[in-house]
Amino acid sequence: METTINVLEKVKFKKPILIEGLPGIGNVGRIAAGYLVNELKMKKFAELYSPHFLPLVILHDDAVSTLLKNEFYYYKGPRDIIILTGDTQSISPEGHYDVCEKILQFAQKTGIGEIITLGGFAEGRIIEEPRVIGSVNDRKLLKKYEKYDIDFGKEHSIGTIVGASGLLLGLGRMYNIDGLCLMGETIGMPLLTDPKASDKVLQVLSKILNLRIDLSKLEKTIKEMEERIKKTERVHKKILQEMPRAKEDIKYIG
Amino acid sequence: METTINVLEKVKFKKPILIEGLPGIGNVGRIAAGYLVNELKMKKFAELYSPHFLPLVILHDDAVSTLLKNEFYYYKGPRDIIILTGDTQSISPEGHYDVCEKILQFAQKTGIGEIITLGGFAEGRIIEEPRVIGSVNDRKLLKKYEKYDIDFGKEHSIGTIVGASGLLLGLGRMYNIDGLCLMGETIGMPLLTDPKASDKVLQVLSKILNLRIDLSKLEKTIKEMEERIKKTERVHKKILQEMPRAKEDIKYIG
Amino acid sequence: METTINVLEKVKFKKPILIEGLPGIGNVGRIAAGYLVNELKMKKFAELYSPHFLPLVILHDDAVSTLLKNEFYYYKGPRDIIILTGDTQSISPEGHYDVCEKILQFAQKTGIGEIITLGGFAEGRIIEEPRVIGSVNDRKLLKKYEKYDIDFGKEHSIGTIVGASGLLLGLGRMYNIDGLCLMGETIGMPLLTDPKASDKVLQVLSKILNLRIDLSKLEKTIKEMEERIKKTERVHKKILQEMPRAKEDIKYIG
Amino acid sequence: METTINVLEKVKFKKPILIEGLPGIGNVGRIAAGYLVNELKMKKFAELYSPHFLPLVILHDDAVSTLLKNEFYYYKGPRDIIILTGDTQSISPEGHYDVCEKILQFAQKTGIGEIITLGGFAEGRIIEEPRVIGSVNDRKLLKKYEKYDIDFGKEHSIGTIVGASGLLLGLGRMYNIDGLCLMGETIGMPLLTDPKASDKVLQVLSKILNLRIDLSKLEKTIKEMEERIKKTERVHKKILQEMPRAKEDIKYIG
């Protein structure tokens, strides 16, 4: 079995922007992506399955089980937007490269204009006023984004960006796709979501996208998302018990 | 070497139902599947070998060594039945996806009608009256199975179904094959078989299959199976000593 | 890179018998195979390299470094003999299947008649009079070997045969090649060779091969082999320090 | 995704010599290679990316993120020189074989004459006067290099050469490429660079290459390289926290 993207609806895009928010530190990116999907009433048009995900299905409360997957949603507006979110990331290093390359090849078919990846940055301490730290995959992009409230300085201890948020930028460069990564500062406790960091990331993102997004519902929406989030956390905890080898991976993707 | 299914006998099926009972929690599924094979005097018609199984042979009491394998048995009746059981499951995450996909492709060639996977659910405590908890891979199936003594509610802590019992459902959906998973509640101690949970699963299964299965011999049959089961447990213990990396996997598949 | 067998000399065989003695428990098989190579003045005709071996070269005392490899030697006599020995076995489960399948495919090209694999069986205690425990890959072979001093009974605790000695039998059956495994009882301490067990295995083997092998030099030859064996042990110890993940594998192959 | 070498500039070579200095024990080889690139004002002409590297990007101080990579530099002189250096080595055993084979295939296209690999040898104690210990991949090469200050004797405890420095020699032999490995003795503490050992290796190397290299700037250059080195060390530390499974690999490649 190979990493596969099933297209549910054929959509024509005008140079869409791809926004990635997959599970990761503080679930900052995932919450932000999920909130955008809700607020913009975005429609799912493709799903990605991979043998590099954990070998299990999620049992939902309606007694239906589904494979772990990543999902692509779209929004047609002045600027076409595609959001990539989902249950999980790859659990093997090689798998990360494989999945990210499949995503980029799919994005290219949509005529992708640029990529913005969302994540958290674990500071290891409580953050009162989280900054949004940025990185680009080409120096020329710094000018483009300098007007936003993004910290491109080096007064932080980030040395790497692990997983999809990083690889989509790095591999994206090889596909000649411009990329920006936005990371909200967070404490970085395992299995703890951080809406405050997501809020900050969404503030910056909505300005870049020139979208009015009502962030007042974020807390409420997160509460609604909690059931799913808790389910996933339970999944993680269960996996920690059953698949010790996966322990590190969950720590790493979560 | 690739995962390979060797066909021992060419059999023509009428929309058979595939029942999976491989080693897993409490060996609930494996015991139930093995009992059905015995009671229905089913005949083996195919064997599956995989490089994703442990790299060893089992030395049987007759001094003959054989590769670890999964086996397909059949029963021709009002409803054709195929049972998938065997020594082991994949020991790597990617291997699980690979083996399950090979099983589904093989099942499709038989003209498969649906899949029922059997397993145990580890409650972590002694269960006096084990429930049979169910999950389907399409909501429409709930109606079909609502008349049986299956708990489709959410008053349990199951978040995931790991391994073949889960993946055959999840991947099965992508092959457009309907699937039901039946899980007998059990304590979930490593290397401990639970006939009581298997009995409950078999009660439900025999009603679904509309088969009269004499369950009175279950305890006795399990005693007869014990030698083989003990052999496998010894295998597991031996592996735990010799292949520490496999430790987690055995915990996970057993 | 794939597992590759480089043929150094093209040799025509008459239904040769393949004898495997690779590193393993007590190095019983490896010592026995090495002794035969010396005593029969066998000639190397092929080498096997694999990405499933540790990623390192051995630095020999003459300052030359060589890849880890397995080696094929031959002896032309009343009965053609091929011996497979070498530095290591695969370090991944999947690799074991791959390497063994490549060996079998190569053996088939030589017109292989049968396989005898040699190994040790770890009893976990000092063995005064080691038995040679046997296993075959087809019940019909028991008759053929019953006249030799091989214990085919079940009064031992062997449940599995791990690695090449086992897989060549199990996979061999799928290639329709008859196989016998001879295991000398040994204490089974890590990194400890056991000449006494090798001696017993060689006694049985020389009768099967109908060869007069002077075993009086075994102790002496082992002393000569010790430098190489110590080098390998040093390799193992060094690897244990440098590559913790390999730890379990070495324990397992050694 | 496969291990890929992107050629940035097409260069014609006359039997170039390939010098490898990737991260490893004491970073001895990497520092030596980096110093040569600086001193000879070498130009980058190719980059290697691999799914066998850690799945992350490095965030540089200018806010630009880049994939982990290896780099090829060249120098056109009386003798053409190619230097291979970079951020990392493969994190999986199989990956090492794959990456090294890709490097050799690329080297062959340049008409490679020979390979010299640079590394450190961990003595586990402070070394006052580090020797340069050598190994070749063909005995005939010993004569060629005997006039240099290289210790080809066996009065050291080296049993293996792990990673690219070893595999390029071992695999190189199969490509019929002569190879020499130079190892500077060092204490071998994790994440500690050793300029003294690099200095010794460079002294020998400059004589072999018949190049006048001003080593007086080594200490200074290393200070300049420190920022990058520290960044990588931070990367390593961060990975140790986030990706426990990589722990062993970093210990192993670093």
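Per-chain numbering from 1; labels A, B, C and D assigned in written order.
Everything below uses one rule, namely that a contact is a pair of C-beta atoms (placed from the backbone, for glycine too) under 8 Å apart; a residue touches a chain by one contact, two chains touch by 3 or more.
Everything quoted here is computed from the prediction, not taken from an experiment.
Asks: Work out which chains are contact partners of both chain A and chain B.
Replies: Touches both chain A and chain B: nothing.
Asks: Suppose you list every residue number at the chain C-chain D interface; are over half of them used by both chains (same) or under half (different)?
Replies: Different-residue interface.
Asks: I'd like to verify one number: the distance from the centre of chain A to the centre of chain D, where each centre is the average of its C-alpha atoms, in whole angstrom.
Replies: 36
Asks: Please report how many Å separate the Cα centroid of chain B from that of chain D, as a whole number.
Replies: Averaging C-alpha atoms per chain gives centres 51 Å apart.
Asks: So which stretches of chain B touch two or more other chains?
Replies: There are none in chain B.
Asks: Linking chains that touch, what shape results: line, ring, star, complete or other?
Replies: Graph shape, chains as nodes and touching pairs as edges: a ring.
Asks: Write out all the pairs of touching chains, ordered by chain label.
Replies: Listed by label, chains in contact pair as A-B, A-D, B-C, C-D.
Asks: In the complex, go through chain B and note every residue touching chain C.
Replies: 1, 6, 49, 51-59, 61-67, 91-92, 95, 231, 234-235, 238-239, 242-246
Asks: Per the contact definition, I'd like the list of chain B residues that touch chain A in the complex.
Replies: Checking each residue of chain B against chain A gives 90, 93-94, 96-98, 101, 134-139, 142, 152-154, 157-163, 166-167, 169-171, 173-174, 181, 247-249, 251-252.
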